[in-house]
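In the two complexes that follow, chain A is the common piece, with chain B as its partner first and chain C second.
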Partner chain A sequence: MRGQPSLCEVLTPLNLAEALALLAAHPEARPLAGGTDLMVPFAAGRLPDRLFLNLWDLEELRGIVVTDGEVTLGALTLFREIAAHPLLQREFPNLVRSAMVTGALAIQSRGSLGGNIANGSPAADTPPSLLAYGAELELTSLRGSRWVPYADFHTGYKRSLLAPDELITRIRLSRMGEGGFHYFRKVGTRQAQAIAKVSLAAWARVADGRIQDLRLALGSVAPMPIRAKGTERILQGQAIRNLPLDAALAALQADISPIDDLRSSAAFRRKVAGNLLVDMLRGLAPT
Partner chain B sequence: MTTQKILLKLTVNGEARQALVHPMSRLLDVIREDFCLTGTKEGCGEGECGACSVILDGSLVNACLVPAIQAQGSTMRTVEGLAGVDLSPLQQAFLHHGGAQCGFCTPGMLVAGTYLLETDAVQDEDRAREGLSGNLCRCTGYVKIVDALLAAREGRP
Partner chain C sequence: MNDYAHIGRSVLRREGRAKLTGAALFTDDLKIEGLLHGTTVRSRVPRGRIMGIHFEEGFPWEEFIIVTAQDIPGKNVVAHLIQEQPCLADGVINHAEEPILLLAHPDPERVQDARERVRVDVEPLPPVLSIEDSLRCDPVIWGEDNIFKTILITKGDPERARAKGHLQLEATYYTGAQEHVYIEPNAIIGEATPDGVLVRGSMQCPYYVHHALHELFQLPLDKVRAAQVETGGAFGGKEDYPSMLACHAALLSWKAGGRPVKIVYDREEDMACTTKRHPSRTRIRSAFAADGTLLSLDVEFLLDGGAYMTLSPVVLSRGALHASGPYRCPDLRIHARALATNTPPHGAFRGFGAPQSLFAIERHMDEAAHRLGLDPAELRRKNLLRTGDAMATGQIMRDEVDLIALMDRALAEIRYAEKRASYPVLNAGDEPVKRGVGFSVFMHGGGFTGSGETMLHSVAALEGTADGQVRVLAASTEMGQGANTVFTQVAAEALQAPLDLIVVATPDTGVVPNSGPTVASRTTQVVGKLIQDAALAMRKTLLDAGYLQDGDVAAAIRAYVAQHGTLRTESQYQKPDFVQWDDTTYRGDAYATYAWACYAADLRIDLVTYETQVADFVTVQEVGRVLNPTLAAGQIEGGVAQGIGWGLNEEVIWRQGSMANHQMSNYLIATAVDLPRIRVFFEERPYAYGPGGAKGIGELPMDGPAPALLNAVQHALQITPRQVPMTPEVLMDLVEGA
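Up next is the complex of A and B:
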């Protein structure tokens, strides 16, 4: 069955206040950003929604604001804008690289960071980078705004903290300066236009030869993008010349819960996740 | 019960056009069925293949993934708008290098290639390949297409 545009209605607010009022009145409306995710199941007749809230014209959700301590991205910030941003390139290279491997140019011209998060795909490319950078999300409704750690946002497969009357409005990153260790790698079937079989993003700070801070996150190995907190605990504080590699690999296998699906197998994903951890640690502690 | 249509107004290849469409209709279907511009092709319908590439308000997009309502008031260029009296330099380079075989990907390749040339994103072969990575071709093996793009950039046949 194909999608049925003739059965669908679209609400198009002109500003955020109007959008929140419409969503409060119609909590069943599906927020629609650039359409790069939603239009695929919609056109195939696999999306049950009949009422959409078109966010595309909301200027309040656009733009990247840099202050001394933070970078705040509007939820409608496009992958192309992230890829082209000089400060993000310097200080948040994982986010830039993950934006650049999200589809190709035409997807990056319409796809948005907030949409990528809200869609909730465990295979999305930017979430592991956001987790590795300790991102926070602003969720807004007529009732007000709240900031939540992104690490708490996804609560299960395609489930999240977002209430039916809330929109993701901003994404905030704390600036950690230059000189930290950044790692992002996505493994797909081919280099371009592939959906990840496994992806891993990490941020670390090494001081006095030891891992002082480490955030490690993976995509496509669990019902949602996840932090590998058990693995982080094993590695935290360890001397980079003598890392407990076996214990870290064992902890990683306990942190992840991959499945067999049409893109890959659970066994392959477990193997590759371990290989990516080894590759990351080699970069952290070059011999 | 069907829902209300909207009067969609856009500038298409320099001409003011309008159509009465459902807001969630795909821009691709509006282009092909309402504007009868059938140069824009449907390949996968999932944003993977680039056969439906058009330039919308200066951005390269997959027309299969744009709901019509989000194109309201936009300026759009399709493959039909690339040639003037003569073929564009990129179109001539495709002819010269044999960049088209079955031809199904060609409109999308030409639109994406035009966008890359106009945004100066074809500095070398790697950049050309990266830029075209959202456009799939199952015939040429890409070499002739990339050759044509680089030739057009350098202003040679």
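Up next is the complex of A and C:
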């Protein structure tokens, strides 16, 4: 291991108020939830942070609360808890499936939804599902709380709306009932424990033979997880028997900006993103 | 049933309980007083001149042990076949990640910190980073022409025979490097003073380490000792590289006045710096008669050896000797060369050159069948070797094996004929998932190539103890493959004793004789035979001395040792009489025997993602007698898993001569869900010169999967893939015609 634990300090608050106070006093402290993203660069000696704020004991950030109109997940909700939740399985299957393909069982038992979001990786598995479900985030500091649309949260590669003294505290999903169309597919080459090369999540509602609502989101094809809003606009309101496929594919290529990296090529990501869109629409409008 | 019929039974692993419960201690688990932690400062460029080494000012360097090439008491060399590779770079750098300087400190964190505070100034020189550049001598980086070794095998007149061909086919095949990804990264503890050098650690070949330390320190052989510690996998990756670590740890200890020094690589360092499978390029020019009879083969086989020769000539030899596959061919030429490049030296990896050349010939046979309008099975039926046929080197095939029957059994198991016909119909539809079925037929020579076994003069011994146990003394190591267990079975059966009587001694050059390296599928076949002979000799000694009347071997040993003081029997390798080999002409019996196999794959290829899933995988092999069915099946399944990985997803990405994706998140080995149920079938024909009739088995399963997979890809998609790994990116280009 190349990380140097003796150079590091970990602050461990016992409740949210204490955590927010510590963060206000030490805005350079790196919030540490499950640690599944941070421990990898730490072990490789590539994590510059020396001061950490350990959120693990904050009971306020745990639990999944269901009301008539909404589901609210504490930021420390573990992937394993998402995967096992019956209502999420019924109404938000993309989120469940993306949680189930995040790392292995050990990672799913330690990694949290809030951490996945805060880490800001463009390749993270749950963000496209959250974007497709129109999630909102609660950001909290000593100054108070605010709700922001998740679609606005990421502002660039590993950049976000989160202020140095803020924590992500809750994630909120509006319940859309059953019967919508859900699509999630992660392309990681390997069938498990892979980092996505491309992923696509979609939620749609079809009525009277037309796409009434559509949200489409992708991972690993831009500096951050993105909504494919141009593509959504092309498809919105279209008759599913006569979808403007070429225009949608062209719009998708404009929505995304993939790169060549160790895991794949920009060309592959562009081609496969298009293939996933076609695959998704084939499911939406079965022949 | 005979209570002592241990051979053929799935006896439990001898060290299995300790490994399962965590009681087994690996090198990094050992608690050692006064231990220093060592680390390595390496080159960041593939080629250059060292202009200076700078230590950050104000850092307490006096706390550290620092070793450079100038501190080496003997020769600055890690001795392998020749004395060529430096232990520490001195003046010149020949590959990325080349070791330049060593540091040690009692605190492992401090030593990591210090590594970042050493700056090596290097004047870069133009590197050679590919087989093509090396061939062009652009520039010359090794010898006069960048060629470590050339091998030529000829038979008849391939040019003239080619002219008579109804089909003349030429194609070039490529295979990539492959990382071993053993569970335990390299780890060594060294203790060295002028009175003696002791190195313990994770290793395959204690006597290789012994040899390297002897040359490095120029100490007498009996002042140098290398001992294996429980080893968490190796696959060839701990054949030669532990000699490097051993030299480093021992040098640090030497400078530290004999304090023990441990060097443990983390996964990133292990992946970036240690050996990998040789990348290859194979061009085949062939000719076939209209009925599919193979008339002529001209194979040019090239290996990227990396910056130093190390084991490349031997890898090349095995590759060349398998290059014509299991086929009769009256006129052939195999021209093989291992070339220098400025990457870390490539080394041993399960299969040892054979997977590369067999990939090429087995793909080529399918391509030829396609061009001739024959089913690949029909083409092979015409050309497969039969007992009594002459192989490429003129070796007469003695093995009584019916390769056609072997192939037909595998094809029946995977329902080849039915799928061959039905899949194209299925694939014509709109569904994005395409199906394909394909197979490969191949062999793997057991034991060292040619006269290698004779030159090794391997010895194994058995020793009776005062308390009535039998110690097996051999330098062959347990590295997860089951050597301990098989040795125990063989010794106990020959002695007609219970298994518990047998203890396999730790391979320690201070204790065990040199039974040769733990490589080349030779441990069971060759060393197991030595152990069997030594055990038979011990039984005879006991019988002759009159101690075995009631059959109680333990009591007999106790009585014998009490009376005579010691009980020890030895056996030395004797080549089977029929084996004749000429190293200068490459004619004769390349291997005493071969294991034979047919592997068949059924694929699902998703044209949405270009991902390939193996739906079914059938292996049928003839490996002599199977000594331990569970362990043998485990060897096959593990080798197939590595073969599928090499064929589909394990891509080493090179940047400036260094592995860029040296993390397990970016270098994708197959997980359990990526693998099908691997079906294992054995044909058992006892081999007269193996213990209990066994042949070598460890490497065979690495040879067959890649060509079987790509042959199935050709069937599914009507494309002609010629390289592995066939990643989704490569497949996309082939499918989309980029």
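Assume the second predicted complex is superposed on the first by the 286 of 287 C-alpha atoms of A that agree within 3 Å, B and C clash if a C-alpha of one lies under 4 Å from a C-alpha of the other, contacts with A are read in each partner's own complex, and residues count from 1 in each chain.
Simple rule for what comes next: contacts are C-beta pairs under 8 Å (C-beta built on N, C-alpha and C of every residue); 3 or more make two chains touch, one makes a residue touch a chain.
Small disclaimer: the values here were computed from a predicted structure and weren't measured.
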Which of chain B and chain C A:R263 touches, first, second, both or neither: second
Partner chain in contact with A:A17 - chain B first, chain C second, else both or neither: neither
First, second, both or neither for A:A163, with chain B first and chain C second: neither
Contacts of A:A254 with chain B and chain C, given as first, second, both or neither: neither
Which superposed partner A:Q191 touches (first chain B, second chain C, both, neither): both
First (chain B), second (chain C), both or neither touched by A:G45: second
Which of chain B and chain C A:V65 touches, first, second, both or neither: neither
Touching partner for A:L32 - first (chain B), second (chain C), both, neither: first
Partner chain in contact with A:L105 - chain B first, chain C second, else both or neither: first
Interface residues of chain A shared between complexes with chain B and chain C: 5-7, 40, 43-44, 191-193
Parts of chain A lying in touch with chain B, wherever the complex brings them together: 3, 5-10, 12, 32, 34-36, 39-40, 42-44, 52, 54, 56, 80, 103-107, 109-110, 191-193
Contact footprint of chain C on chain A as seen in their complex: 1-2, 4-7, 40, 43-45, 185, 187, 189-195, 197, 262-265, 267-268, 271-272, 275-276, 278-279
Touching residues on chain C, where the partner in the complex is chain A: 109, 112-113, 116, 266, 268, 432, 607-611, 613, 649, 653, 660-661, 663, 665-666, 668, 670-674, 727-729, 732, 736, 738
In the complex, chain B residues that touch chain A: 1-4, 21-26, 45-48, 50, 53, 59-62, 64-70, 112, 115, 130-131, 133-136
